[in-house]
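The same subunit A turns up in both complexes below, where it pairs with subunit B and then with subunit C.
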Partner chain A sequence: MQVTDLSIAGTQSTPEIRADAAAGVLSLAGDSYPENAFELFGPVIDWVERYLAAGDAPLRLDLRLLYLNTSSIRAVMDIFDLLEEAFTHQRKVSVDWFYDHRNERVRELAEEFAEDCTFPFRILPDEEAAG
Partner chain B sequence: MQSADLHELREFCTERRIMLCFNGPMSRSLIEEIGNALRNHLEADRVQPGAAMDVFAVYIELTQNIRHYAARMNYGEEEASATVVIARHGDGRHEVSAGNVVEAADAEALMHRIADLAPLDRAALKARYKEQLRAPRDPDSPSGAGLGLIDVARKSSGPLQASLHQRGDGRAFFSLTALI
Partner chain C sequence: MNAAAGELDRKIEALLADPAWLDHPLREALAALWERYLAQLHRLDRIASLSDRFQALVRDRDLTRTEQFEKRLRQVEKMTRISDGYQEMMRELNLQLQQASTHDLLTGLPNRRFLAERLKQEAERSRRSGEPLCVALADVDRFKHVNDSWGHEVGDIALRAVAQAMDRALREGDLCGRWGGEEFLVILPATRLDDAMPAAERILDAVRDVRVEGIPAEHRITISIGVAQWSAQERPEATLARADVALFEAKGNGRDRVMALT
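Let's look at the complex of A and B:
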């Protein structure tokens, strides 16, 4: 597979991003409220497109996202739309979204995304995700 | 120039339970730093994590909207200034207010949009939000400013309060308050 991995360190306002083509896993963790989310998520959307086009291996998103500004919500929706499109072509894609059980807002955010997806989308309380 | 009456300012802030206020040009890093201070305040006040996230979210959307607008208009420092006040209500809710200078025509359009959102209940706001999320993006406004306003309305426990103060130069000072 000729898809380069991504590894972008997180900052106060941007999540840690890791894309591992060999493992078929894209993980995003942390807060996301950059002023222009498309600058940040552009390479991620690009990676997902290239990964999905490069073969037929499964793709799993491992999300530990917290607060997302509306600009980031749009970018994440674009990623889910790519997964949805692939899923309708029998591709194995899934999302596991872990949230801190003390913060119901993150769960609600994940649930709203899941409403528009037909692929497997699990929303899981993470007792360890404190802080 | 008369020196600032800090005692008066302090009394003003204390009386209105203002936990944070700012007036001036806001850089990207300043938005983050004030946001940090806000989060620390909310945590120290033992505000529930979900409610604290709502207050923070409204603060971020409003201040980022102001920055995007000022950038799009090529405003200088004075016009680009934001006035931000975050106050604690006696009932545990928080009031987030943000104001900035806007062109008169944009001010009217904003007032209309806010009046338009006012009668919507939670379900209708959610429907409007999802509709806007799927709407074609305006290349002049990559930030999704329309979506931000609906997001703020959804997090607010009542209709958004907006007001205009005409400046007499074709521009107005627009201010918006959300109660969370």
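Let's look at the complex of A and C:
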């Protein structure tokens, strides 16, 4: 596949971002309150668009996000919109959102995100991730 | 097209097709007029059709715009809802952190950091107002014996029970917290030593009623208390040091009692 991988190390205010085209997995982990959300998420949204356009392999999002500021929420919603669009064209896409089982709030927020999505959207307590 | 017009059309077509009128001088003119009429009719149809299509296009575009606008609106509403959720989560975490940084995990009472800060504030307030201020240092009697005999878990339960009893015995405005280990500090604002002593006695009484599962009834849980009044010339640490000396005396004099350093 001609889509290059992404690997952006996380910081205190930005999540670790890894996009693996061969595996068809995009993972985001950590807090997200970047100073410039466009700068951070622009390449990610771009990667999703290129990956979806490049073939018909499945795409899975592996999310372990804790705190998101408003522009990060918007970026994540934009990514979900891309998945939704691909899903209506029979593309195999899915989201696995892992949350710390001690923080039910994050689960509730993930459910809000999932509300309008028709593609498979699983919200899982983090202990299951290990098992 | 109405019936009369249709009839006229048919009549003219019949006249033009009739060979009897082939050489009539008006025939050529009528034929030309007929052609022009048909062409105009065709143009009118085309204009109407184009106009219809254009209108449909505009209507569709308006619909798309409305749909897009409504979609954006839903997105913004969703974003706001989720953002509010995250902020609420942060606020709760902040409160938890604040509670954790100022309160003792075992007893739920204010911790040493919180007490020291409050004592400083109360001393400052007393310096301005001239009101008296007392502190009472309390220590659970023979607590090591409790831990050694019935285990640390029972010891923890006993500490919690003592903390609750002390806290319930306080007067309005007094503050009790865990100073460390089995030691508690009570801050008694606007209180002279004369009034601090009966307040401390009430705390002793409340602790005498404490019963802990796992500790035999013959072992009575008691505390000893040392009281000292802050004097305007000293730092709060000095008052605490004198309360500590008084506490030591209370222990030396047989425990389960309050002593004051005069």
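The rule is simple: the second predicted complex is superposed on the first by the 127 of 131 C-alpha atoms of A that agree within 3 Å, B and C clash if a C-alpha of one lies under 4 Å from a C-alpha of the other, contacts with A are read in each partner's own complex, and residues count from 1 in each chain.
The criterion applied here is as follows: a residue touches a chain if its C-beta (ideal position, glycine included) is under 8 Å from a C-beta of that chain, and two chains touch if they have at least 3 such contacts.
These numbers come from a predicted model, not from an experiment.
In the superposed model, A:F113 lies in contact with subunit C only, and not with subunit B. Judged by the touch definition given at the top, the superposed model places A:Y67 against both subunit B and subunit C. Of the two partner chains, subunit B is the only one that A:Q12 touches; subunit C does not reach it. After overlaying the two complexes on the shared chain, residue contacts for A:E35 are found with subunit B alone; subunit C is out of touch.
By the touch criterion defined above, A:R102 reaches subunit B but does not reach subunit C.
After overlaying the two complexes on the shared chain, residue contacts for A:M77 are found with subunit B and with subunit C alike. Legend: residue contacts after superposition of the two complexes on their common chain; A:A57 is shown touching neither subunit B nor subunit C.
Between subunit B and subunit C, it is B that contacts the larger number of residues in subunit A. Overlap of the subunit B and subunit C interfaces on subunit A: residues 67, 69-70, 73-74, 77, 103, 105-106, 112, 116.
Residue ranges of subunit B in contact with subunit A, taken from their complex: 28, 32, 36, 49-50, 53-54, 56-57, 60-61, 64, 67-68, 126, 130, 133, 137, 142-144, 147-148, 151. On the subunit A side of its complex with subunit B, the touching residues are 12-13, 33, 35-36, 38, 66-67, 69-71, 73-74, 77, 100, 102-106, 112, 116. Every residue of subunit C that touches subunit A in the complex is listed here, in rising order: 74-75, 78-79, 81-83, 85-86, 88-90, 92. Residue ranges on subunit A touching subunit C, taken from their complex, read 67-70, 73-74, 77, 103, 105-106, 108-109, 112-113, 115-116.
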